[in-house]
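The same chain A turns up in both complexes below, where it pairs with chain B and then with chain C.
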Partner chain A sequence: MQETITFFSGFSTPDLWFLADAALKTLWISVLSISIGTVLGGIFGWMLHEGKWMAALTVGSILDIFRSVPLIIQLVLFYNFAPMVGLSLDPFASGVVILTIYTAALVSNVARGGIEAVPVSMRKASRSLGMSYWQDLRHIVLPIGGRAVFPAWIGVVLGVMKDSALVSVLGYVELLKASQILITRTQEPFLILALAGAFYFALSYPISRYAAKFEQRWAQ
Partner chain B sequence: MIEIRDLHKHFGDLHVLKGIDLDVKKGEVLSVIGSSGSGKSTLLYCINSLEKIQQGSVKIDGIDVHAKNTDVNKLRQKLGMVFQQWNSFPHLTAMENVALAPRIVKGKSKEEALYIAETQLKHVGLGDKLKNYPSALSGGQQQRLAIARALAMEPEYMLFDEATSALDPEKVGEVLDTMRLLAEEGMTMICVTHEMGFARDVSDRVAYFHQGVMEEIGPPEQIFYSPISEHTKKFLANVR
Partner chain C sequence: MFEYNFHWRPVLKSLPDLLQAGLLTLEVAVLSMVIGITIGLCLALMRMKLEGPLKWFAVSWIEVARNTPVLFQLFFFGFGLGAAGVNLPPYVIIVAGLSFNCAGYLAENFRGGFQAVPDTQINAARCLGMNGWQTYTRIIIPQVFRIVYHPITNQMVWAVLMSSLGMMIGFRELSGETQFFASRTFRIFEYFAVTAVVYYVIVKLILGSSRLLSARLFRY
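Our next item is the complex of A and B:
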């Protein structure tokens, strides 16, 4: 009995709430970046598809940079250099900005793939029915292409959610940063990292399950 | 009436249609035959403006298809088109496939659009497949679905681009029967086809295309039994 108490010394129920609150922050920063990033990525993907080489040269190469440079470097660079151009953002806002662009860069490729997954002849068929370019995009390309690349998009979502841990380097107290604080105080790295892992799992698992359900329904 | 005058179409350096002159009257059924690459599909695409043209004109009931101020989305409602690939929308049921365009293009209410869809699906013999997704339909059924989908826009002209070429041989008949039914109902049709029996029995006129030129046009008896052009003779000898 005595032993168990010393083992858990330092970690208490309020710490659990502290972690839970940090998990919510991870969720919040992810939801924000992923939703804005997905919309932007969709637009960029459309530009890459439609704009041919002009867009590929401009938008394409800019997005290539964001896809290729490690996220942690982007975050630190942006956080430290943005104030120089008069953009003084707190760690949260900086994190959202970079994660959003990063998501958009990943989603743009997914979105272009989705558009290209719709056969040209099917789009000709919808246009031949009198649908406008935008009606075809909204009612044919979005649902058909969207379903084709949905698994890839879910992959991006789960990836960005985990990568959001990197915002901790700016001092924003999300799940990983909170764990580090607790580890320093309690000297219980295994317990706390296991708990943090469980929280990440609790955030990701419902998404994977829900996604699988959708895919199953569409497969019919 | 469809009036085509001196129509030229290029794909880059490739001169695909070399001055086509062709009139199709209301109620007429025209079959277009010819070897692969002779420009038959391209002709249909130029008629409903899925492809731009470089010279000449196409008029539908007096409206210049390729004029800048022509509303092609509106014009295309007059022209139904059926493709070689049946192009069913996989995310919609048979009924929703047919109802979509009447609803979003013509602004019909959902109930109206579904009623039209049901009527047209029954028309092509798919009355028992209303709620099926395309994946549960055979090729022949999907092609009839495509016909119903085009008919739901109440077109005055139907363009068929080798509607039976991608089908299993035993499914060809049901689609040809549907096309025959439309012809009997008085629909104006241009049918690009490799089905010589259909061209001979159903059409009022047959046009033979060779390397971007309309070599010969006339009643089926003339084209099939006493063709003038050497190319036509050779082509027909090969397909028989």
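Our next item is the complex of A and C:
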């Protein structure tokens, strides 16, 4: 008797590992680009604050482009642009580069807001106590301004974490792409989408709750 | 090093089609914003005024919409409902997904707006002999509208940017159309560069007209 080949097979335990691995990939690409992007965004925000209109014209308008063009278009553009200048980047590296710049563009606005949230009189006071410019920035502006914009920063972080799903357009198999692959094979979209959605939700919901609590405490 | 030759002619030839698709993008974004605002207002009121299952329905809608990726939500309306036997055309999928997402985000904005209007305003309006409907439509809603005007503008921009995900579900709005042409001519970079410019112009037009409108609306 001839063996029949089945193209579709049900959801099994190895598939669960496949999903878990993809979830880790989602986490990894988000953590990497958010941490580099936040540092860059902080620097850009400081430039926007200190540089006045010069910085607003140069850095500000460039970062504005990254906020006004859909992330998916940026990803496709960069992925196809990199080989032209002789870079051969895999989907992961391209995704990290674009997500980092995207994060930096969003964080720069937040960081500038944070610096502006510190009253000028307070900074003058710290300077008259003999602190240098950098000491003032490190010990006065960072703790006070940072706390003021912490919820906004969390908003950016969660946004980028969710938007990292778009890197799948380059063929990077993160959580959502992995679930799409499994759906095609198992034909069980509800189960798999529920698993993927539950992962994002379980990651994002507690953090957003915490940020909301933090904001309430800060407002009092 | 730089050996790539740009070919802009195919892009110029299909520019009318791209602009036409740009209008479709705008149409989808506006439509989902209108639906999103209506549902968002209902969700915000349900969350604040009601108890029991309806309140939990609103809360879970808001939290799922805010804590999962838009792409996941689109997949759900596409694959998920497809498996349940409800096969929706891409246009409906994208409008439903974006409306679902916008409603969740806007509901929280509306809630913040309602909470910012003091309760004494309601008491004062009732003292002047207005009934509940009049109080809401003439006293509360206009004040809330002022507060949520900028968040609505931002959400409108997000709706335009998110509509680019139509590309992932086979809907031929601006991004989908671009991908269609790009994969026919292999001029991927050129096509997506032009599309990025179109998106940038659309976003700037929205922000500019919103600023003009706010200057006209909030003169007092």
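The rule is short, and it goes like this: the second predicted complex is superposed on the first by the 197 of 220 C-alpha atoms of A that agree within 3 Å, B and C clash if a C-alpha of one lies under 4 Å from a C-alpha of the other, contacts with A are read in each partner's own complex, and residues count from 1 in each chain.
Methods note: a residue touches a chain if its C-beta (ideal position, glycine included) is under 8 Å from a C-beta of that chain, and two chains touch if they have at least 3 such contacts.
The structure presented is a predicted model; accordingly, all values stated were derived computationally and were not measured.
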Superposition on chain A - do chain B and chain C clash or fit: fit
Most chain A residues touched (candidates chain B, chain C): C
Chain B versus chain C as contact partner of A:163, first or second or both or neither: second
First (chain B), second (chain C), both or neither touched by A:208: second
Angular separation of chain B and chain C about chain A, which is computed from CA centres of the superposed model and rounded to the nearest 10 °: 100
Which of chain B and chain C A:76 touches, first, second, both or neither: second
Chain B versus chain C as contact partner of A:55, first or second or both or neither: neither
Contacts of A:129 with chain B and chain C, given as first, second, both or neither: first
Overlay on chain A, chain C to chain B nearest C-alpha distance, Å: 23
Residues on chain A lying within both footprints (that of chain B and that of chain C): none
Residues on chain A engaged by chain C in the complex (per definition of touch): 65, 68-74, 76-77, 80-81, 84-86, 158, 162-163, 165-166, 168-169, 176, 179-180, 183, 187-190, 193, 196-197, 200-201, 204-205, 208
Complex contact set, residues of chain B against chain A: 45, 48, 50, 73-74, 76-77, 79-81, 83-85, 87, 89-91, 100-101, 104-106, 133, 135, 146, 149-150, 153
Complex contacts: residues of chain A adjacent to chain B: 119, 121-122, 124-132, 135, 139-140, 143-144, 147, 218, 220
Contact set on chain C toward chain A in their complex: 1-2, 4, 63-64, 66-72, 75-76, 79-80, 82-84, 157, 161-162, 164-165, 167-168, 175, 188-189, 192-193, 195-196, 199-200, 203-204
